[in-house]
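Two complexes, one shared chain (chain A), two partners (chain B, chain C).
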Partner chain A sequence: MVNVLAPGTTGRARAPETAGRRAADARGRARRRQAVVAYLFLAPALLFFAVFLVLPLGFALLLSMSRWAGFDLGGIDPVGLDNFARLFADGSTFLAPVLTNTLLFALGTVALALAGSLLVATCIDKLRFQGLWRTLYFLPIVTTVVAVGNVWKYMYEPGGLVNGVLNAAGLGSVAFLQDPDTALPAVVVVQAWASVGSAVLILTAGLKSVPGSYYEAAALDGAGPLTVFVRITLPLLRPSLLFVCITQFLTGLQSFALIVVMTKGGPGDATDVAALEMYRQAFSYGDWGTASAAAFVLFVVVLAVTLVQLWIFRRKGEDA
Partner chain B sequence: MRRRRFPWVSYLVVVAGAVLTVVPFLDMVMTSFKGPGEAGRLPYRFLPEAFGLANYRAAIGQLNLPVLFRNSLVATALITGSVLLTSSLAGYALAKLRFRGRDFVFRLVLSTMMFPPFLFFVPHFLILVHWPLAGGNDLFGRGGAGLTVSIVALTMPFLVSGFGIFLMRQFVVAIPDEVLEAARIDGAGEFTVWWRIVVPQTKPVLVTLGLLTFVDAWNEYIWALLVSTADPDVMTLPVGIQLLQDYVDPARTMPVVMAGLVLSILPVLVLFLLLQKHYVRGVMLSGLK
Partner chain C sequence: MTPARRTVRDGHRHEGPLSRRRFTLALPSALLASGCAAPHQGTGRPGDPIVLTLLSHYASGELKAALQGPVDEWNAAHDRVKVRTKAVEFSDLLTTFMVRQAAGLGADIIHPYCLWNGQLVRAGVLRPAPPEHAEEIRRGYSEAAVRAASVGGTVYGYPTEVQTYALYYNKRLLRETGFPGPPRTWRELEEAAYRTSKRDRYGNTLVQGFGLSTYDDSTTVGQTLALLNAAGGRFVSADGRSTAIDSPAGRAVFDLERRLVTAGASAPGVNVYRAFPSGQVAMVVSAGWWTGSLKSLMGGDYREVGVAPVPVPETDDEPATLSTGFMLGVGTASRHPREAWEFLRWLNTEKTGARGAKATRMSRLQVSVGTLTGRADDMRTLLGRGGDPNLRPFLEALAYAVPEPNVPGAQQAKSLLRKNIEAVWTGQRSVEEALRTTRRQVDQEVSRSW
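What follows is the complex of A and B.
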């Protein structure tokens, strides 16, 4: 390695301003070298973002306004906003049922996961061995969607566990995934089941930050458990609840792997959601233009929800 | 203070929830032991008639499990190694090195987290298919299958993580400047500073990031499915097992599928149980999964 300080030692005998300039030069060189090193360290990431973020976004935007058979890059045929227009045209299935399914899927997941995790989190807070419970509730999160989807698909079968329980209770069997009316709720239950664990984690952390003195004061005033929950726990937990709500909603809008595994969008298009529709347009029908247009429509929805989230939390930050 | 009563209701709720969470896993394990014709038979029975290992043998044979395991492991290891390396290097540069454009690059990294993954399935696939001078392609990406016919294709869209860089930067910032400056005065170059000081100091968060990345990569399904349709040789565990489920008579193969699933989720479950504190911290840091 070159010792940048070496010339400075000989310069000590010379006029002070020369030495000062040399020191400044050395500092400048060190700074320039730091910049070179910094960009060297950042190079893999920047290169990656150029090829796998900027380029694909531009490419997808181009495709969303083109018709293309997918072979020769020269054969991309620009068609303006035709792909978007066709998505929203009369008789298109994109608005209904695909987008409505997407919203129902996301909302249903949020509602179920929130109710379940709120109940569990407030109860866990009073127990010992919280680590053990958390471990159990976390199991679905570290399990691949293929395992989760297949186990539940099997449990929903006529000879599976869910119908076994129904039959044992004297009820008739339900063809959960084959009936268009029950397929979407059945998938929602699985998605909620798989996401309760992380929601419990966030809410438990939120509960820990509620001062114990609030509960003691409420107990002195003779408040019952329900009053304490509604008047103290819920309001103080609001930031955590809001966070779980929005992030879960965003995940719900985008996820389709579970549906690919369990129903492939069927029966009919009862469980077809936007991201799955995009996937099928592209990889089943080779309609890259429509697929890209659908992706951007969903992206706009996701972006809008994200901006609402940022806005809410920024406002919260100013209040505090 | 008054002695608190034993929280019966809370126990009831938490135990009921835990049972609901665990029962599907138990059902998977029980089904994996059931004999031919036993799974799906009415009335439903939770326990198998006998605990035989026939389904596990069948899973290993029919599913080509050793190859699937190898592919999953290679892809996961490549992704995890790359994410750790690039996040740590970039995080250090953004936290502690002074250079023009630092704020811009940091903002760029933050903005990458805004784009949802579904936006990229189509363009990523097309970019890999038309990768110039690979897999029989010419300079303009025509003629062949591009990079899709290699195990690298499984990993490429996941090699760098905006969240990973952000996370590492937040933790490297906390290292005192004096420590780094002292090393530099001792003649250490930036690479040495990074390797000798930054990496050891950020070991816990590296474990967290590595674990999160490992679990995600091991469980990834949609992208692996796309790449595997182009080249069955690079099939991963989730894709291979789902394929068996899709194409063979479900009633007969369900126990075999379950056996394959049990084997495929074991590595991640063991890793999670050993390092769960790190994993839980990771979920807290990344928000929700």
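What follows is the complex of A and C.
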């Protein structure tokens, strides 16, 4: 059917049609205005991410495939994958000991911090004045790394507090930070100690979310404390444990300041880690290409480790 | 009502003074332009003075005041060219050079550690000294200072602070164990170290016979290279393309240090720079700058501190030691290099003072803060009367010191050497293994073509 307006009705019909179009135009203009306003509000954040995330990331990618001494932007010389090849070449210290130390440092930190924080959180959960205990354990987080590192360094020194305790127990002194066999574990202990506070906060919150009825049922069934912990507490804490595990591991892999303060990577290269090596390559040796390539290798390692952790926990039915 | 808003209300476009679109486009550009605008080096207007910037690490205390004195004197006496000092901590100096140069804000005059010269020259940051200045530098300074300020035979600046290494010793500790004076040979050094060292029953070090510093690259490597040079060895080859430490001299130095640590005469874990002033270290090799710190730290006890040349392996060996230093050079970013070099000549070569006590402003500046310059004549003048006798061995060492290598990659070579030295001390590597590893790693770095 063809809908033809009678000539007499055309003029009358045009008026509402024009009004409708005007209304649609007005709505369109309002939407456009809203969009402009929305983008204006978003602009600072987008600009921030562009300047401080996208731009440096792109620049680092460019540098990882270039040779650049850090002085003249015109002197960036493309070298393909040479920097990556150099990192893994025979005789390079990047894979061992630098990357190995980084992974050992992160693993040790996660293991100690997780065990320690789980123990502390479980104890706090059964105590009075829980806020006070949580605050006490959180204190290292609000202390600067430089202060923490220096205090522990003095404590580890021959004649320091730790050796004083050993001596009082009739044991000989240990050169914790000077012996290549003990230096890395000694720094791991400090990093774990410093990160227990934040983990305790998360785990105590996780413990609060476990329904009390589960414990009551377990008690009625005659389950002992260990069984309750292994069968009820731990499985229900898994989301919090996953979060703590991933964040601590990432912090451990990127650790820099504590090692600079306590050992500067020594003795020898016993505590040399990837972030410290990157810093040296860029700012001390002027080899920005190698530093950027190392940064991307570390990024891949961090990504892989995080994905593996997520996969393991998801297999157990948890989602980050 | 703003012009932009009026345009919208009228319902049609006005080519007014600032439309919304223009305003939107202009705002970020204006912000960027104002934010990124580089500070002026003078106004650039004819007749206005040229302002030269001098970037150094003389950032605080007496160093800052010592440099500002002559700069103020220059500014008061010169209308056309003014100098403005900028300073950062030494640990930030190289990074500041990098960042400012990359941003196009390189200073006119820079004061680098000579170890970085190869790196700075390779990156095109330093201008070679004009021939007349280069000639003046070669004529007026000790050979070690000139070589430190040169790369590939080309002079790049006026040497300023020069540090030579010598043996600091505690007279009381040596006296108590039957040594009337400092050791002259390595055999005497070892004997004195073993006899003066003390430990308690738990193995804690009470007195180190010979202090080995692990404080940083400079102190760890400096003491070892001073001993290496004293044994006639060198760290890198003359052409700077390979390491020369894997040699009998290198082996002897690593062996000596390893023996001292193993026998308990050295405890690298103890901070030598705190322990020596407390009388807990009998001997240590360090640079001349330390005398000033020791004086202020030790007060009256400083009289028990003696300084002697670095011991040599055998009695009839020629003395040798390490020298390190800084220099003042002109950056490639400078738009007024001629004026910058003129200022440097005034600061570093023009002699002032009463007859018989004439010395350059830089030499006066350095001596006032307890360090030396590579101008032996100035040093003799300034230290000749009533000066600290402990500075003498450092001054005499200017004649025979070997400059720290400053080839491209020198900083990395130094770090690699430190790691290997520490690996020897801690038993991670044998002497042979450490020498081989150092050679392989350092060769790889210094021979890289850039």
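Things worth noting here:
Everything below uses one rule, namely that the second predicted complex is superposed on the first by the 284 of 320 C-alpha atoms of A that agree within 3 Å, B and C clash if a C-alpha of one lies under 4 Å from a C-alpha of the other, contacts with A are read in each partner's own complex, and residues count from 1 in each chain.
In the analysis below, a residue touches a chain if its C-beta (ideal position, glycine included) is under 8 Å from a C-beta of that chain, and two chains touch if they have at least 3 such contacts.
None of these values were measured; they are calculated from a predicted model.
In the superposition on chain A, contact of A:178 is made with chain C only, not with chain B.
Legend: residue contacts after superposition of the two complexes on their common chain; A:112 is shown touching neither chain B nor chain C. When the two complexes are overlaid on their common chain A, residue A:241 makes contact with neither chain B nor chain C.
Between chain B and chain C, B touches the greater number of residues of chain A.
Of the two partner chains, chain B is the only one that A:302 touches; chain C does not reach it. Look at A:284: by the touch rule set out above, it reaches chain C but stays clear of chain B. In the superposed model, A:167 lies in contact with both chain B and chain C. Once chain A of one complex is fitted onto chain A of the other, the partner contacts of A:159 extend to both chain B and chain C. By the touch criterion defined above, A:99 lies against neither chain B nor chain C after alignment on the C-alpha atoms of chain A.
Contacts of A:196 after superposition: chain B is touched, whereas chain C is not reached. In the superposition on chain A, chain A positions 70-73, 157-159, 163, 167, 283 are in contact with chain B in one complex as well as with chain C in the other.
Considering their complex, residues 67, 69-73, 75, 91, 93, 157-159, 163, 166-167, 171-173, 175, 177-180, 264-270, 272, 280, 283-287 of chain A touch chain C.
Within the complex formed with chain B, the chain A residues making contact are 1, 3, 31, 34-35, 37-39, 41-42, 44-46, 48-49, 51-53, 55-57, 59-60, 63, 70-73, 116, 119-120, 122-124, 126-127, 133-148, 150-152, 154-155, 157-161, 163-165, 167-168, 193, 195-199, 201-202, 205, 243-244, 247-248, 250-251, 254, 256-257, 260-261, 275, 278-279, 282-283, 288, 291-292, 295-296, 298-299, 302-303, 306.
Interface residues of chain C, counted against chain A in their complex, comprise 94-95, 97-98, 101-102, 119-120, 122-125, 202-205, 214, 216, 267-270, 409, 411-412, 415, 418-420, 422-423, 425-426, 428-429, 440-441, 444, 450. Across the complex, chain B meets chain A through its residues 7, 9-11, 13-14, 17-18, 20-25, 27-28, 31, 39-46, 85-87, 89-90, 92-94, 97-100, 102, 105, 108-109, 112, 114-127, 130, 140-142, 156-157, 159-160, 162, 165, 187, 189-191, 194, 215, 218-219, 221-222, 225-226, 229, 237-239, 241-242, 245, 254, 257-258, 261, 264-265, 268-269, 272-273, 276, 279-280, 283-284, 287-289.
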